[in-house]
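Read from first to last, the chains carry the letters A, B, C and D; within each, the first residue is number 1.
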Amino acid sequence: MPNPIKRIGVLTAGGDCPGINAVIRAVTKTAIYKYDLRVFGIEDGFQGLIENRIAPLSSLHVSGILTRGGTILGTNNRSNPAHCFVGNDEDGKPKFADVTPRCLDNINAHKLDALIVIGGDGSMGCAMPFVEAGVNCIGIPKTIDNDVAGTDLTFGFLTAVATATDALDRLHSTAMSHHRVMVCELMGRNAGWIALHSGIASGSDAILIPEIPYDIDRICTFVKNRMAHNRGFSIIACAEGARSTDGKQIVAHVDPTRPEPIRLGGVGQHIATQIQQRTNIEARTTVLGYIQRSGTPIANDRVLATAFGYHAIEQLMAGKQNRMVSMTNGTLCDVDIKSVAGKQRLIPMDEPLLATARAVKTCFGD
Amino acid sequence: MPNPIKRIGVLTAGGDCPGINAVIRAVTKTAIYKYDLRVFGIEDGFQGLIENRIAPLSSLHVSGILTRGGTILGTNNRSNPAHCFVGNDEDGKPKFADVTPRCLDNINAHKLDALIVIGGDGSMGCAMPFVEAGVNCIGIPKTIDNDVAGTDLTFGFLTAVATATDALDRLHSTAMSHHRVMVCELMGRNAGWIALHSGIASGSDAILIPEIPYDIDRICTFVKNRMAHNRGFSIIACAEGARSTDGKQIVAHVDPTRPEPIRLGGVGQHIATQIQQRTNIEARTTVLGYIQRSGTPIANDRVLATAFGYHAIEQLMAGKQNRMVSMTNGTLCDVDIKSVAGKQRLIPMDEPLLATARAVKTCFGD
Amino acid sequence: MPNPIKRIGVLTAGGDCPGINAVIRAVTKTAIYKYDLRVFGIEDGFQGLIENRIAPLSSLHVSGILTRGGTILGTNNRSNPAHCFVGNDEDGKPKFADVTPRCLDNINAHKLDALIVIGGDGSMGCAMPFVEAGVNCIGIPKTIDNDVAGTDLTFGFLTAVATATDALDRLHSTAMSHHRVMVCELMGRNAGWIALHSGIASGSDAILIPEIPYDIDRICTFVKNRMAHNRGFSIIACAEGARSTDGKQIVAHVDPTRPEPIRLGGVGQHIATQIQQRTNIEARTTVLGYIQRSGTPIANDRVLATAFGYHAIEQLMAGKQNRMVSMTNGTLCDVDIKSVAGKQRLIPMDEPLLATARAVKTCFGD
Amino acid sequence: MPNPIKRIGVLTAGGDCPGINAVIRAVTKTAIYKYDLRVFGIEDGFQGLIENRIAPLSSLHVSGILTRGGTILGTNNRSNPAHCFVGNDEDGKPKFADVTPRCLDNINAHKLDALIVIGGDGSMGCAMPFVEAGVNCIGIPKTIDNDVAGTDLTFGFLTAVATATDALDRLHSTAMSHHRVMVCELMGRNAGWIALHSGIASGSDAILIPEIPYDIDRICTFVKNRMAHNRGFSIIACAEGARSTDGKQIVAHVDPTRPEPIRLGGVGQHIATQIQQRTNIEARTTVLGYIQRSGTPIANDRVLATAFGYHAIEQLMAGKQNRMVSMTNGTLCDVDIKSVAGKQRLIPMDEPLLATARAVKTCFGD
């Protein structure tokens, strides 16, 4: 029986991530050149599926996009068909509804035989109602945080690590020249992969991650010890989700009690303040922010993104249903998309890089 | 009469800046190789002069430092011999004193015939009492802000512009993919040179600088117009010292009324909040911070820093007194250090780059 | 009298150079936004003028090209209307003719009131017949070699210096680890600006430029001296046009006497071979080649290119005729295009960077 | 029984490779901080072992070297104790001898309990006589070519890929602007890993590797087809060891028949020449050369190098003998050093990246 796949839709959901365009390019080129499929781009993630903003993607559209950050399809990190904002009620409260049927109509209207969903764990979750409705969804894991379950590596992560490492490298010169503590707050709300990798790569003196609660006293002792041993500076790579042993998590936020909505500093600022107060050593913070999730993907990420895009189409054409492509144990493979949707992969306590970092005397604050 | 210069001291004061080491290297190598001088490094800026932390600098010390960020001599951006903290009085209040005489003793003890002061306008000011006391001070202008009077260009500035431009380039991909306004807060408390250059270099849609007060309504209109013309995103390069037409300047600061000392957002955050509230377009902020003032200097800055270091020794050996080296009208030259100490060079309203930016439709908020 | 300029043509001629697209963007945006002109892009340099490949350029065409290397218009570095290949004669010899009249017809057919010529000294020369025929030509100097007469700086040069410096920085690690001499051959057939700037920026031990003939014995002595003083390696930045004191210039070339046309090494290879033979110290060569003239322009070059593009249109609209925009003595200005066409700006012997390099003990082989 | 390891020697052999210093740092810090070992650095690879140039390595020696290219220990890519040059005989011919016993004496003199050998397949081979003599040798695979048997990944490789990708990215702009074929010759004498990865990462149109002999006719057809389909340029990533289907391998070499020893072009030049002759499309070559094997390691390589250094000491202290550390199937592990010495890992024909590249229409010349 010939494979019935003739027309596919592609969408990119969730936050920006280096390498999305490389995936779109590989999906489109493989589909067109190798299998003569018709490819449709869905604009702005699931929002375009809701609003029927769906248009053909040709090989010309994806020419030259391999090296560009962002997504030519646009994305939206709040749109979820199962819980879609549909206006306010009489009292001015927002109303939400399940608009999955409308999306299914749009999928049918374009005769899409499958959906390629490029997104993180949340986006895979958004795809579930479509899977249940019989739409073949092939997921491609996208997150700079590297915390999608079912894969050891997601594209975008290594670029984020490179960006964070470059920032930490730079802060070394200021820290040394001023004999300061420099805290760099990095992305990672629940998983500390970026801080762990970039912390090791930059030779940071301390690495603070959500998975290992820190004790501020231990950090201060560590910093003072370094000062006493003639290393009058310290670099701290700190995930935004790092939390102290008393369970408190300080996240940058808007203070609603103030006349003007002003964002308050997060855990990086908190730690720098604590260190300066307790040790009398100057401490400063840098919040790397959006810089980490944007820009040109590094070579590795382009290779991984291209391989992921290729593998997605291969599995589809091999007749597989509802798979998420994966890099597991160094091998390009795929897993059941239902088994990973909404799950996160945190740093396990037996991760060899934790032992590696400790061996070169990195402080985790524990 | 032979030039009486035999021994010189070098100090680096003020904030970190890419290229300081390149200057130290050029000063030391020129002094030793060309003029057979003895060179002494003074640690941690004027603080080392106060505390007599002065040690010989050989060509070996400066080997391999050309490309490294920071300063091998260390720096201190608060130490001022004319107003030096000397402990607390009975009531616990800090006491300050003029310790210039102690510094002069240290200069004499090392028989230094001249002082090379690598610093910004503040550091040139700190050098004035020594000039008045008869010490030949040769200044080398250092600031990433490019706002030292008496020179069109300071080393470190072009590296800061490169770093800021790289960040703005990256934010483009996120802005486009999410149809957002991305505000990037850059250094520049009084002078907007970094924002102006990096804003043009990155093709930012708006550039906000201290020299041109902005009207938030005009910015919002500009952003909405772009959205209406199918360019659903905007990039705003914003100097930290940008101020609105009502004269209000919002600077990131610690709020003393809060139980924990937390840094509040600055003008970048303020503008993003205003835009989102008034236009309903998503707006986000990145504060580039210390990343701008650190790291490896770019090629131009290494050339400029080397030329400055060379020229400083040349003028000294030509018998000149109290000069600051300068790049004016594209020419390596020098000016009277007294004429520039404590003065700042802001962007003049007839700067051709302002007209250039306006011609390609950049919004200055005015 | 109102300025009669309504329609302009833009062409890019000669070799690739970082920043061309930034110029095209600034020219187009300034012309359209500020002066409501109609802009036409001429494809592949003068070849498109000959073949009437001329099409409208809108602001949409130039959107997003600021950071991209190359030229969206295409270029051609051999086409010259005054001496145009028009086929072979009966004996198979190439025939050339002056096709300026045909070009003028094409200019008239599109009612172009002026021509913006983005090119080097050769391209300015190609524009002369049009100037003489009454076409208002505004030149924008483009060359990575920085050797166009009439301007101190051309866009593209600083990016080439950055690329060369990065390569020389890298070679340091290999040279040190292997105790070798590493020769890096850089562009610069007649002018050694790239080698001089990148040599200083990278702290190269020797810099060889066409303007200062080298004596191989002096280079060997220099290299051996370094080895004797425990610096067991040397880095040599060598312009491709470097020549020895006996006047011999060794340029990479195809040897017609060999069965297969194989390119023979140039002066970099020659010098490395000579050093290894005479000193017994391992020497290796890297020819940087096309890498130098391509890729994303650095921030400075984007600013300069944008200012040049803006200034070209400003002068045109101010009623000026036949000017080349220029950066002279640090000032954006313009010169008579006829006064610079076909002329080259070599490094003068009183260039301060030569003295700077010598002061830090750089060998020029003289 | 307590582990008898108290003193270890470390040597780096073979060609320069980004990340060697990161390995030396991790080995030294782990050995000293975690196990209180004494660490000795052996200079210039096996040559230092022969000449007894062995000195203590402290944590201070390895401070700040994480990000630096090269090796602080020096290296030598020709020294082999089993076949050591010991002078010329009476006829002037070089004499070689097995100086393993002398090396063993030096090892014993320093009471080294184990040897950490950082090197490629050749260096692992050089270590074999010491293994056979009872010296515990722990290998750490180093090669930019990624062709050491027994590991999927070697440190340095990903940096080489990044450098090659950057070069290929740059050449795109020149190729497009000039409608040319640009051939970039990359390292890889026997294995084409660098060309494969950087070719995919840069979206190169053709990738030529030693493992897949190319047919020049197919390449020319491919290039002409692209030209015919309005893509008037092609980028070819070509491993230096690429060979044609007739088995001929063209390697850059010195021609001894010429009066001056001049290096002749390699396969990249050959292919460009052939393409230009056969298709009349302009073709140019860039030979990336030593740039690929030097400079600051990228973040991934620093992490891998640190993990390798840590794991080497862990295995040693766990009582293991003669292991080479390895990254296999994404897992940090180790293999018998005897099983891998002198073996190379070529690209297997079922490598998924080959299929990936073909799916996006990459030409392999077959």
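Convention: a contact is a pair of C-beta atoms (placed from the backbone, for glycine too) under 8 Å apart; a residue touches a chain by one contact, two chains touch by 3 or more.
These figures come from a predicted structure and were not determined experimentally.
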Third chains touching both chain D and chain A: none
Count of contact steps on the shortest path from chain B to chain D: 2
Centre-to-centre distance between chain C and chain B (centres being mean Cα positions), rounded to whole Å: 32
Interchain centroid distance [CA atoms averaged], chain A/chain C, Å: 42
Mean-CA-position distance for chain B and chain A (Å): 35
Per-residue multi-chain contacts in chain B, two or more chains: 166, 169
In the complex with chain C, residue positions of chain D that touch it: 12, 15-16, 18, 20, 44, 68-71, 74-77, 163, 166-167, 169-174, 176-179, 182, 254, 260-265, 269-270, 273, 277, 284-291, 293-295
Chain B residues touching chain C - in the complex, by the definition given at the top: 25-26, 29-30, 33-34, 66-67, 152, 158, 161-162, 164-166, 169, 197-198, 200-203, 298-300, 302-303, 306-307, 310-311, 313-314, 327-332, 352-353, 355-356, 359-361
